[in-house]
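Pasting a structure here, questions to come.
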Amino acid sequence: MHREDLEGTVRGIMENYEAGDVFFTRPDRHFPSRKKVIEIVKDVRTIMFPRYFIDDMAACSNLEYFAGSMLDRVGDALFVQVREALLFRDSETLSFHAAEGEARRITKTFLARIPYLQSMLLKDVQAAFDGDPAAQSKEEIIFCYPGFFAITVYRIAHELYLLRVPLIPRIMTEYAHQGTGVDLNAGAQVGEYFFIDHATGVVIGETTRIGDHVKIYQGVTLGALSTRGGQKLSGVKRHPTIEDNVTIYSNASVLGGETVVGAGSIIAGSAFVTESVPPNSRVSVRGQEVNVRQSAKKHSTSYEI
Amino acid sequence: MHREDLEGTVRGIMENYEAGDVFFTRPDRHFPSRKKVIEIVKDVRTIMFPRYFIDDMAACSNLEYFAGSMLDRVGDALFVQVREALLFRDSETLSFHAAEGEARRITKTFLARIPYLQSMLLKDVQAAFDGDPAAQSKEEIIFCYPGFFAITVYRIAHELYLLRVPLIPRIMTEYAHQGTGVDLNAGAQVGEYFFIDHATGVVIGETTRIGDHVKIYQGVTLGALSTRGGQKLSGVKRHPTIEDNVTIYSNASVLGGETVVGAGSIIAGSAFVTESVPPNSRVSVRGQEVNVRQSAKKHSTSYEI
Amino acid sequence: MHREDLEGTVRGIMENYEAGDVFFTRPDRHFPSRKKVIEIVKDVRTIMFPRYFIDDMAACSNLEYFAGSMLDRVGDALFVQVREALLFRDSETLSFHAAEGEARRITKTFLARIPYLQSMLLKDVQAAFDGDPAAQSKEEIIFCYPGFFAITVYRIAHELYLLRVPLIPRIMTEYAHQGTGVDLNAGAQVGEYFFIDHATGVVIGETTRIGDHVKIYQGVTLGALSTRGGQKLSGVKRHPTIEDNVTIYSNASVLGGETVVGAGSIIAGSAFVTESVPPNSRVSVRGQEVNVRQSAKKHSTSYEI
Amino acid sequence: MHREDLEGTVRGIMENYEAGDVFFTRPDRHFPSRKKVIEIVKDVRTIMFPRYFIDDMAACSNLEYFAGSMLDRVGDALFVQVREALLFRDSETLSFHAAEGEARRITKTFLARIPYLQSMLLKDVQAAFDGDPAAQSKEEIIFCYPGFFAITVYRIAHELYLLRVPLIPRIMTEYAHQGTGVDLNAGAQVGEYFFIDHATGVVIGETTRIGDHVKIYQGVTLGALSTRGGQKLSGVKRHPTIEDNVTIYSNASVLGGETVVGAGSIIAGSAFVTESVPPNSRVSVRGQEVNVRQSAKKHSTSYEI
Amino acid sequence: MHREDLEGTVRGIMENYEAGDVFFTRPDRHFPSRKKVIEIVKDVRTIMFPRYFIDDMAACSNLEYFAGSMLDRVGDALFVQVREALLFRDSETLSFHAAEGEARRITKTFLARIPYLQSMLLKDVQAAFDGDPAAQSKEEIIFCYPGFFAITVYRIAHELYLLRVPLIPRIMTEYAHQGTGVDLNAGAQVGEYFFIDHATGVVIGETTRIGDHVKIYQGVTLGALSTRGGQKLSGVKRHPTIEDNVTIYSNASVLGGETVVGAGSIIAGSAFVTESVPPNSRVSVRGQEVNVRQSAKKHSTSYEI
Amino acid sequence: MHREDLEGTVRGIMENYEAGDVFFTRPDRHFPSRKKVIEIVKDVRTIMFPRYFIDDMAACSNLEYFAGSMLDRVGDALFVQVREALLFRDSETLSFHAAEGEARRITKTFLARIPYLQSMLLKDVQAAFDGDPAAQSKEEIIFCYPGFFAITVYRIAHELYLLRVPLIPRIMTEYAHQGTGVDLNAGAQVGEYFFIDHATGVVIGETTRIGDHVKIYQGVTLGALSTRGGQKLSGVKRHPTIEDNVTIYSNASVLGGETVVGAGSIIAGSAFVTESVPPNSRVSVRGQEVNVRQSAKKHSTSYEI
C-alpha cells in the first residue's frame, strides 16, 4: 500500500487507542497465555487418562515416571500462568514477589486435587456409559465424547475458580465451549456421575448447583431469568438448582436462581421451567396441533408455519 | 516443582490407574489415530472435490494421476486404521493376521463406493442450492457450507458403519460435530438431496431414517424419547423416521423410534413432535401471548419473562 | 493398494468429474484462499486490539509502527484475495486488469473504515460488560467472549459485503460460525452496543435489521418463515427487524421479513414469534404442566415426557 | 522500544534503502521462492527414488499414479518458479506472456529429462558402492550419503543451467552446499559414475569438466588460478578438466582452466596441481620432516609447529 | 501439466524402477525413520544435559521424573527403530518375532550405557575448556560447540555400532556431519578427553583408533591411503592409530591403517603423514618460498600463485 | 520399558548430575534462547535487506512502517535475551534490576548501529560482485551467497561482542557456522569490502585483524600457532593480522598472533604461513613431483600416494 493510503487510518486507530478505556495503558500488564493454559488443560487430561490423547505411545509405557514428569511440567507451567493472571487483575496492589507466593500456593493445592478430579471423572464415564445405548465401550467415551470432554475441562477449571484464580478458568471453559458448544461456567457446582449427551448448545450458568446422577441433553439452558441488573447482579445466585437423579431432555430451559428441580424429576425436551418443581416431577410440554391438509401444496407463506 | 509436592499426587494417580476399569490394562492395545482418521476424511473429500480444499493447485492439474495417487494413499492409510480399530475391539479373539485380512476387505469395499458417495453429494449440493436463497453458487456450498461438510463426513462415516468398523465412524462424525455443531450419527440412514441449513445444534440419532429431499434447519433434534433403559436399548430403533420431501424448521424436535413424519410434511420451528403425523401435515406451534405494557419498565424480575 | 483395486474407482470418479456441473471446468479459476482470508480477519482484529491476540509482545510496543506495518500487510493481502474473488465470480466478463483496479478501490475503502469498526466494537464491549454480571472486566470480554468474537468478524465481513465482494464475507462469517456457533450473516444490518451472550446456536439471517442496544442469547434464531421459494427469494427481505433496546432470551425464534419487534421489547426464552409486536412488549411462553407422580418410576416410555 | 529510540535508526535505514543500488526499485520484481525451489528438488528426488525420502509409505504403493501425480505437481511448481526467475532477470524486456511461454517450454524439456537423470544417478550409486568399503548396501548410499545427495541436486540443477534458467540452479546447489559442504556449481560438466566421498569442503567451479568414473574426496578444490579479473572473466574457462578414471584424494587442489588431469591419474591427498599432468600420472606431495625430541616438552611456541 | 506432457516421462521412470537394482522390490521393507532416529539422539542428549536443549524449563525441574520419563520414551522409540533396521538388513532370514527379541536386548543394553556415555562426555567438556582460550565457560561448550556436538552424537552412535545395529549409527553420524561438517564414523574408537576445535571439515574413518587427551582441529583427515580395493577392504583396518596426548593441527592428514602417531606427538597444520611417527615427535611442514615483488602488479596469471 | 530396565540408569544419571560441575546447580539460571537469538539475526537481516528473505511480500510494501515495526520487535526481543545472558554470566553479582538497565543500554546502542552495519554490508556485496565472475547480479549475492551470509551474521554479532554481551555473539556465529561452514569469530576485526568465496571450511580466530578489500577462499584458516597454553592465553592476540588488499586462496593457513600479511599480498592456495610477509608479497607453495607410470595399474598401496 502507498503511505498515503495508510496514514489516515493509522491516525484514526491511534486516536481510538488513546480514547479507548479497554486497552492496556501500561505495557507491563500481560494476559496469561491462552496457548499455555490450553496446554495445561491437555496435560492434566493426559495425566488422568494416559494412552488416550497422545499419538506417541513411547512416552508413557512407564506410568509413574510419566505421571511424575508431566505433573512437574504442569506445575511449573501453571505457576507462571497463575502468577500472570494475579498480576493482571491486581496490578496496582500486588507485588511480583507476593504474586509468586500466592501462585505457588495455588499450584500446589491444585496438583494435590488431581487424583480427586480423576476419580470424579471416572464416575462421569460410568454415567455416560450407563446412559447412552450408542456407547460401545467406556474407552470410546473418554476418547470421543464431547460432553465428557466439556465436563473434564469444567472440573479442572472449577478447581481454579474455587482458588479464586482470575481469567484462567474462563480461558479453559471457553476452550471447551469452542470445541463442543457446551458453555459450562467454571463457577457452577456439579455433583458426581454427571453426563451431557450430544453436548451442542448447552449453557450452564455461573451460580448453578447440580446434584449427583444428573443427565442433560443438547440445547439445555440452565440460566438466569434476567440479567438486566447487569454488574449489580454479580455474586447473586441467578441460576437454578438441579437436585439428584434429574434428567433434562434436549432444548429445555430451566431459569432463575430460586428455581429448584426436585430430585428424581424429568424435564421433557423443549420444556421451559421458571418455577420450582417438587421431587419426582414429570414436566412435559403440551402437544402440538397437527393440521393435515393433504395435496394442498404451499398455499401461502403464512400457512406454512 | 519439588519432589515432595509431586509424590503424593503421583501416588494417588497410580492408585486410580490401578483401580479404574476404563484404562488399558495391556499396553499393546491402541486406539486408531484420530489424526490419521481425520486426514482420511479430508483426503476422500479432496478426491471427490479436487481444487476446493488444497491451497496448492499444482498438485491436481492432471486429475487422473491425482485421483489415483490420492486413492492409493487413502487406501493404505485406511487399511492401517481399520486394522487397529478391529484389534482394539476384538483384542481377545482376533489375530493380527485375521485383522489384516478383514481390514483389506473393508478398505477395498470402501474405495469402490467413493464414486457413489461423490454422486450422492452432488445431489446434496443441488438440494442446498435450490433450498437456500442466500447461496450465490454451487461452488460456494461445497467450499463453505457447514451443513454440506457435515453431510459429507456423515456419508463417508456411514459406509464404514455399514461395514461394521468400530470407533472410526464415531471419530469421523465427532470431527464434523466439533467443526459444525451437527451431531449426525454414522448409523442414521439418509436419502438423497439432503440439506441442513445453518447447521449449528442439529442432533440426528443412530437409528433415524430419513428419506429423499428432506431439509432440516439449525437446532433440530431427531432423537429418542428416553434413554433410561441404557445399554439395554442398544440396537433398538429409538429415533424417528422422516419420509420424503419433509421440511423441519429450526429448533424443532421429533422424538421416538415409532414416530413417523409422513411424506411432504412441514414441521414448524420449535415444534415438539412425539407422535407420528400423516403425510402432507403442517405441524405448528401455537402462538405466544403478547403482553403490551408500555412505559412500564422493569417492574420486577418475575414479570420480565 | 494394487492397481486393480484403484482403476475402477478412478474411472468412476473421472466420470463424475466430467458429468458434474459444480466442478471447475477451467483450471484457471481459483477460490480465494480460506487460510489467507482468516489471516486477514486475525490481523484486522490485532490492529484494532493490539496486545490481546499475539503471544509475542515484542512486536507491538510501538503502536504506530505496528499498526502501520500491519495495515500495510492487511492491505496487500486483502487486495489479492478480493481480486481472486472478483475473478472467480465474473470469470467470463472481467479482465485481470479491471479486477485489479476494482480490488484496489475496495481495499482502500475497507482500510479507511477500520477506525470506525474499531469504535463500533468498543461500544459492543461496553454493552457486553454492562449486560453480563459474570464479566470481570472489559479486557476479559475482548480476550475471551465468543459472542464478541462473532460480532468482530461480522463487522469486518459486513464492510466487504457492502462493497459487494463475493465469497470472502461468507468465508469470514463461517470462520466465526465454526469457532462460536454463531451464524451471523454478513448481510445483516446491526446497530451499535450489540451483545450476544453465550453465543452457541445463534442464527441471524442475511436481511435481518437490528437496532442499537440489542441483546441476544444463545440459541436465538432471527430467520425466514419459509425458504421454499428457493433462489427466487434471493434479495427479498426474508428476516425480521429488531428495533432498539430489545432483549431476546435463549432459544427464542423471531421469523419473517415483515416481522418487527418494537423498540424496548423483551422476548422470553423459547418464545416463537412470527408476527410483529409493538414497542415495549413482553412476549412470554406459557408455563408447563407439571405432573407430580412420586415414587412412580418409569411406568412407560410414553409417560416419561 | 520508545519511538525516539527507533526514529533515528529508521531514518538511517531509509537513507540506505534509497542510496543503495542493490535493492529492488520496483516492488513488482520478485525472487523465485527459495522454499518452493527446494520443494521441487525434494519432489524430483522422491520421484526418482520413491520410498526413500517420505515417512508415509501410504503415499506411494502404486508407483505409476504416484509418479504421475508428483510429476504433475513438480511441473506446475517449476513452471511458476521459472517464469518468476525469467521475469526477475529480464524485467525490462520480457513480457509476462513471453515469460510464460518460455517457462512452459523449459518445464516440458526438464520433465522429459527426468528418466535420464534417474539412470545417471543409478550409475553414481554403483560408483559409490564400488568405491567405499564402509558402504553396507546401495540403499544406504541413496538414503544417507551426503556426496550422493550433492550429486543428485547438481544433476537436477545442471539441466536447468543448460536451459539458461537464472537463479534457480544457484538456489538448488546452495541448498546442497548448505547441507553437505559440497559447492558443486550447476555449470560444471560431470560424466557418469561420479563419486564424492565424505563430501565436506569440496568446491567444483562453474567451468570444470569431469569425465566418467571419477572419484573425489573431502576438501578437494577444482578451482580457478586467479579471479582478480572479476566480471571480465565471466564465461571464460577458469577451472580444470578431469579426464576419465581419475581419483583425487582429500584436500588436494587442481587449479586453472587449462589444467588437464589425464585419464587414469591419481592425485594424492593435499596435492596442489596447477599444471596439466599426462594420463596415468601419480601426483604426490613430498613427505614431512619428522623431528623426534623425546621428553622435550613445549620448548617454545615456534618449535611446536 | 497436460497428460501428454507427463505420460512419456512416467513410462521412462517406471522402466528405470523396474530395471534398477537399488529399489525396494518388496514394499514391506522399510527404512528406519530418519526423523525418529534424530529425535532419539536429541532425547539422549537432553537426558544427559537437561536444561540445555529445551526451551521450556517447566519440563525438567524434577530431574528424576524427567530422566525416567525421557528414558522410557527413548527406550520405546529406539526399540522400534532397531527392530526396523534389523528387519531391513536381514529381511530374508529374520522373523518379526526374532527381530523384536533382538531389538529389546539391544535397547536394554544401550540404556544401561547412558550414564557411562554421560561421564565420558563430561570429560570431553573438560578437555574442550582446557584446550580453548576462547571458551568462556564449560556451559558454553555444551551449549554451543559444534565439535562437542559431533562427539556427543558419535559416542551415542558408537554404542549402537558395537551392538551391530545397521543403518542407525550412520543416520546419527550423518546428522552430526550435516550440522557440523565433522564426519566421525561410528566405528572409530575414541578415548577420553577428546576435543575437536572449530569442527568444520574433519573426517575420521571407520577403523581409526584414538587414545586419550587427543586434540584435533578443523580440516583434519584421519583416512585411508587408498580405497581402490572397494568392498574387498570391508573390515580391514584402513585408518590410522593416534596414541594418547597427540595434537593434530588444522588441515593435516594422517593416512593408512598401519600408520601410528606416537603418544605426545604434535602434527603441524597442513602436514601430510602416511608413515608412523614415534612418540613425542614434532611433524612440521616446510616453509613457503616468499617472493617480494613490490609495485609489480599482476604480471601474469602464472606468477600469481 | 519396564521400570526395572530404567531404574538403574536413572540412578546412574542422577549420580552424574550431582557429581558433575558443569550442570546448573540453581534452576533459576537460564541460557538465552537459541531460537530467539536466531530470530533476531534473521529480523535484523530482513530490516537491512527487505524483500529478500520473506515469502510474503505483503508485509513490506511500505518500508518505513515495516522497518519501524521490525526494529521495535528486534529491540524488545534483544533486550530480553541480553538481560538473560548478563544474568547467566553474572548470576552471583548482578541484580535483575541492574541487568535490565544494562540490557536496555546495550539494546539502544545496538539498534543505533544498524544503519552503519547496513552500509558496511552494501560494500561487502560490491566486493563480492567485483570478485566473482560467476555472480550474475548483486541481488544474487544477497539472496544466495553463503559467504555473504556468514559476514552478515558476523557483523551483527561483532557489535554485540564489542558491547561485551556474553554467549549471544557465539550463538549467532555458530548459527552461521552451521549453515555455511564459516567459523568467523565475533571477536575478529574485519574491514570493509570483505569477501569470502565458496565459504566452506573457513576458520577466522577471535583476535584476527583484517583490513579493507580482503578476499578469502574456502578452507582458509586464520588461526593460532598453538593453544596448548589453554585458558592462560585468553585475551592474548593469538591470530594473525591481514592488511588491506590481500587475497588468500583456498585451503591456505596463516597462523600466529604476530604474523602480519602485508598489504597487497597474495597467498597461494594450500600455502602455510607462520611468519610475517612484507607488503605486496606473493607466497606460493612449491610444485608437486609428478610420476608418469603409464599402463602401470596399482602396483602397491604405498605407491599410490
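As written, the chains take the letters A, B, C, D, E and F, and residue 1 is the first residue of each chain.
Quick note on the criterion: contacts are C-beta pairs under 8 Å (C-beta built on N, C-alpha and C of every residue); 3 or more make two chains touch, one makes a residue touch a chain.
These figures come from a predicted structure and were not determined experimentally.
Using mean Cα coordinates as chain centres, the one most removed from subunit B is F. At the far end from subunit E, in terms of centres built from Cα atoms, lies C. Counting C-beta pairs in contact, the pair that comes out ahead of the other among C-F and D-F is D-F.
On superposing C-alpha atoms, the copy subunit A sits rotated by 180° relative to subunit D, to the nearest 5.
At the interface between subunit B and subunit C, under half of the residue numbers involved are used by both copies, so each side presents largely different positions. More than half of the contact pairs of A-C, counted by residue number, reappear in one of C-F, B-C or A-F; that pair is B-C.
With centres set at the average Cα position, the gap from subunit E to subunit F is 23 Å. Here the spacing of subunit A and subunit E, counted between their Cα centres, is 53 Å.
Counting partners per residue, subunit E has 1, 6, 57, 61-62, 64-65, 68, 71-72, 75-76, 181, 200-201, 219, 228, 251, 255, 269-270, 274, 285, 304-305 as the residues that reach two or more other chains. Because contacts link the chains in a way that matches no line, ring, star or complete pattern, their graph is best described as other.
Chains touching one another form the pairs A-B, A-C, A-E, A-F, B-C, B-D, B-E, C-D, C-F, D-E, D-F, E-F. Contact residues of subunit F toward subunit A in the complex are 1-3, 6, 10, 61-62, 64-65. Those residues of subunit E lying in contact with subunit F across their complex are 47-52, 55, 57, 61, 63-64, 67-68, 71-72, 75-76, 107-108, 111-112, 114-116, 118-119, 122, 125, 129-140, 142-146, 179-181, 197-201, 217-219, 225-226, 228, 247, 250-251, 255-256, 269-270, 274, 285, 287-296, 303-305. Across the complex, subunit E meets subunit A through its residues 56-62, 64-66, 68-73, 75-77, 80.
Those residues of subunit B lying in contact with subunit A across their complex are 1, 5-10, 12-17, 20-24, 27, 30-31, 33-35, 88-89, 166-167, 170-171, 174, 177-178, 181, 183, 185, 187, 200-203, 205-206, 219, 221, 223, 227-236, 238, 249, 251, 253, 255, 264, 266, 268-275, 277-286, 298, 301-302, 304-305.
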